[in-house]
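The next part holds the structures, each set out as structure tokens.
What follows is chain A paired twice: with chain B in the first complex and chain C in the second.
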Partner chain A sequence: MSNVVKDTLTVIFGLTGVLFFIGGTVGLLRCPDLYSRLHPATKCDTVGSISITVALALQIGLDMALFKILVVIFLLLMTSAPSGHAIGRSAFMNGVMPWHKKGVVPWPLEGGDRWTGH
Partner chain B sequence: MLKLKAMARTVRETIPLTVFLFLLWIIFTEKTNWEHLLLGFIVAALFARVSIFMIGGKLDPNLNWKVGLRFFPFAILLFWEIMKASWDVLTRVLRPSLPISPRIIEFDSYLDSDIAKTMLANSITLTPGTVTIDIDGKRFYVHCLAQEHESGLLEGKLERMVAWLFAEGPDDVRSLR
Partner chain C sequence: MSDFANEFLLAVAVVLIINAFLCLYRAAAGPTIQDRIVGINIVNTKTMVVLLILSTFLGEELYLDIALAYALLNFVVTITISRYIET
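After this line comes the complex of A and B, so read on.
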């Protein structure tokens, strides 16, 4: 692979990562409550960091460090979902009410209907 | 004699984890002279022994080499789903009108084993606008970001994929599509 192609791909992957990170951060700030904030935090950040690590891997080329990058990608994929799940679960068990639009039943348990009344 | 047998079993249980940790050591140190390798091997063996003493040496019985082989196509499809999901969430939160309508829904899964349910929960968390909040027996509580995500989830594509991966559930639902 020539250098120009490699650098171009690196820039593309890096910018994609930055875009997803910006999206994740903006989502974190704009979403109305804890549960909906989990969505940008678990998804956009995973894809953003994977994309940036792929850009780094392209610059490194075939080397021992490449395996390190692969291990890092694997760990990122494995850890972000369970951590989001843990946060959501503890909020759920403590009865934190989800924000919702008018007329939507936001809560499947008993008494969920009374939360649509506003 | 009996003691010897028990010792042999302990060693047999320790070997896979030791090899795995040793490979990680080599990857992270990037050194191949014998002092480093010896040190790495000792650390890996000690660590594996202590871990197996603490958590017990058994892997989940539902994990076997067939699952390992099937994991690769599954992972590629899952990665594609993750990309779509992130793009979807990204466009939703960046649009000025913020088109979300969150709710928590519940559904029953036909998956049985703990490992399959864990895999399904993690896949749900990583894909379109859904985060698994709680699992109670067979019942899944999932937070959805909008109506489309709810219907997409109840369609059960991910559940079918996980059923295919672990060869569980009713026969006619195991597929990758």
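After this line comes the complex of A and C, so read on.
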């Protein structure tokens, strides 16, 4: 692969990753409650970091470092989604209320006295 | 690696570090414990990506191993804390 093609692909993947990371930061700072904050957070965990890692792998070429970077990509794919699920589950079990309008109960539950909204 | 790609990747690393400092706000001021965990999780991921970029930029292969350990530690910490505070 020629150098120009490699550099162009690196810029494309790197800019995609930066875009997703900035989106994740904005979502983390601006979303109203935990459950909606988890969504941009996991997105920037997987897509952003994996595309930046792919850009790095293009630059490295065939090497021992390439194998380690592939291991990192596999690890990110395996671990990011379960950690997001665990955080959401712990919030649900602790009774964190989702964002909703005043006087509207987001979901009906048996014995839902512990759901104290506004 | 070409000169242009080197500088581009360094600029990406700088943007990521600025983003990580912005994410620390959520970790400091989150209303619930889970918000803090999400903030710390994202800061850890960004640190790992910056380590990967630094390893390519400086040509140090040791940083790749550190990033690998960082990713595993991030996963273990998140799962452990969220299962621990789950009643």
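Methods note: the second predicted complex is superposed on the first by the 103 of 118 C-alpha atoms of A that agree within 3 Å, B and C clash if a C-alpha of one lies under 4 Å from a C-alpha of the other, contacts with A are read in each partner's own complex, and residues count from 1 in each chain.
Here is the rule we use: a contact is a pair of C-beta atoms (placed from the backbone, for glycine too) under 8 Å apart; a residue touches a chain by one contact, two chains touch by 3 or more.
Keep in mind the model is a prediction, meaning the values are calculated, not measured.
**Student:** By the touch definition at the top of the document, which applies to A:R30: first (chain B), second (chain C), both, or neither?
**Tutor:** In the superposed model, A:R30 contacts chain B only, not chain C.
**Student:** Using the touch definition from the top, say if A:H39 reaches chain B (first), chain C (second), both or neither.
**Tutor:** After superposition on chain A, A:H39 lies in contact with chain B alone.
**Student:** For A:A81 in the superposed arrangement: first (chain B), second (chain C), both or neither?
**Tutor:** Only chain B is touched by A:A81; chain C is not.
**Student:** Have a look at where A:L62 lands relative to chain B and chain C in the superposition and call it first, second, both or neither.
**Tutor:** neither
**Student:** Give one of first, second, both or neither to describe whether A:V47 is in contact with chain B, with chain C, with both, or with none.
**Tutor:** After superposition on chain A, A:V47 lies in contact with chain B alone.
**Student:** Figure out whether A:V71 sits in contact with chain B (first) or chain C (second), or with both, or with neither.
**Tutor:** It touches chain B and chain C both.
**Student:** Does chain B (first) or chain C (second) touch A:M93, or do both, or does neither?
**Tutor:** Both partners, chain B and chain C.
**Student:** Now for A:F20: first (chain B), second (chain C), both, or neither, which partner does it touch?
**Tutor:** Touch status of A:F20: first partner only.
**Student:** Which positions of chain A sit in both the chain B and the chain C interface?
**Tutor:** Residues 24, 38, 44, 64-65, 68, 71, 80, 82, 88-89, 91, 93 of chain A touch both chain B and chain C.
**Student:** Of all residues in chain C, which touch chain A in the complex?
**Tutor:** Answer in residue numbers: 1-2, 4-5, 8-9, 12, 15-16, 19, 22-23, 25-26, 32, 34-35, 37-39, 41-42, 45-46, 48-49, 52-53, 55-56, 61, 64-65, 67-68, 71-72, 74-75, 78-79, 82-83, 85-87.
**Student:** Okay, in this complex, where on chain A does chain C touch?
**Tutor:** Those in contact with chain C are residues 3, 6-7, 10-11, 14, 17-18, 21-22, 24-25, 28-29, 34, 37-38, 41, 44-45, 48-49, 52-53, 55-56, 59-60, 64-65, 68-69, 71-72, 75-76, 79-80, 82-83, 86-91, 93-94, 96.
**Student:** Which of the residues in chain B come into contact with chain A in the complex?
**Tutor:** Contact set of chain B toward chain A: 24, 27-28, 30, 82-83, 85-86, 89-90, 92-94, 98, 100-106, 121-122, 125-126, 129, 131-134, 141, 143, 145.
**Student:** Spell out the residues on chain A that touch chain B in their complex, using ranges where they run on.
**Tutor:** Residue list for chain A touching chain B: 19-20, 23-24, 26-27, 30-33, 35-36, 38-40, 42-44, 46-47, 64-65, 67-68, 71, 77, 80-82, 84-85, 88-89, 91-93, 98-101, 104-108.
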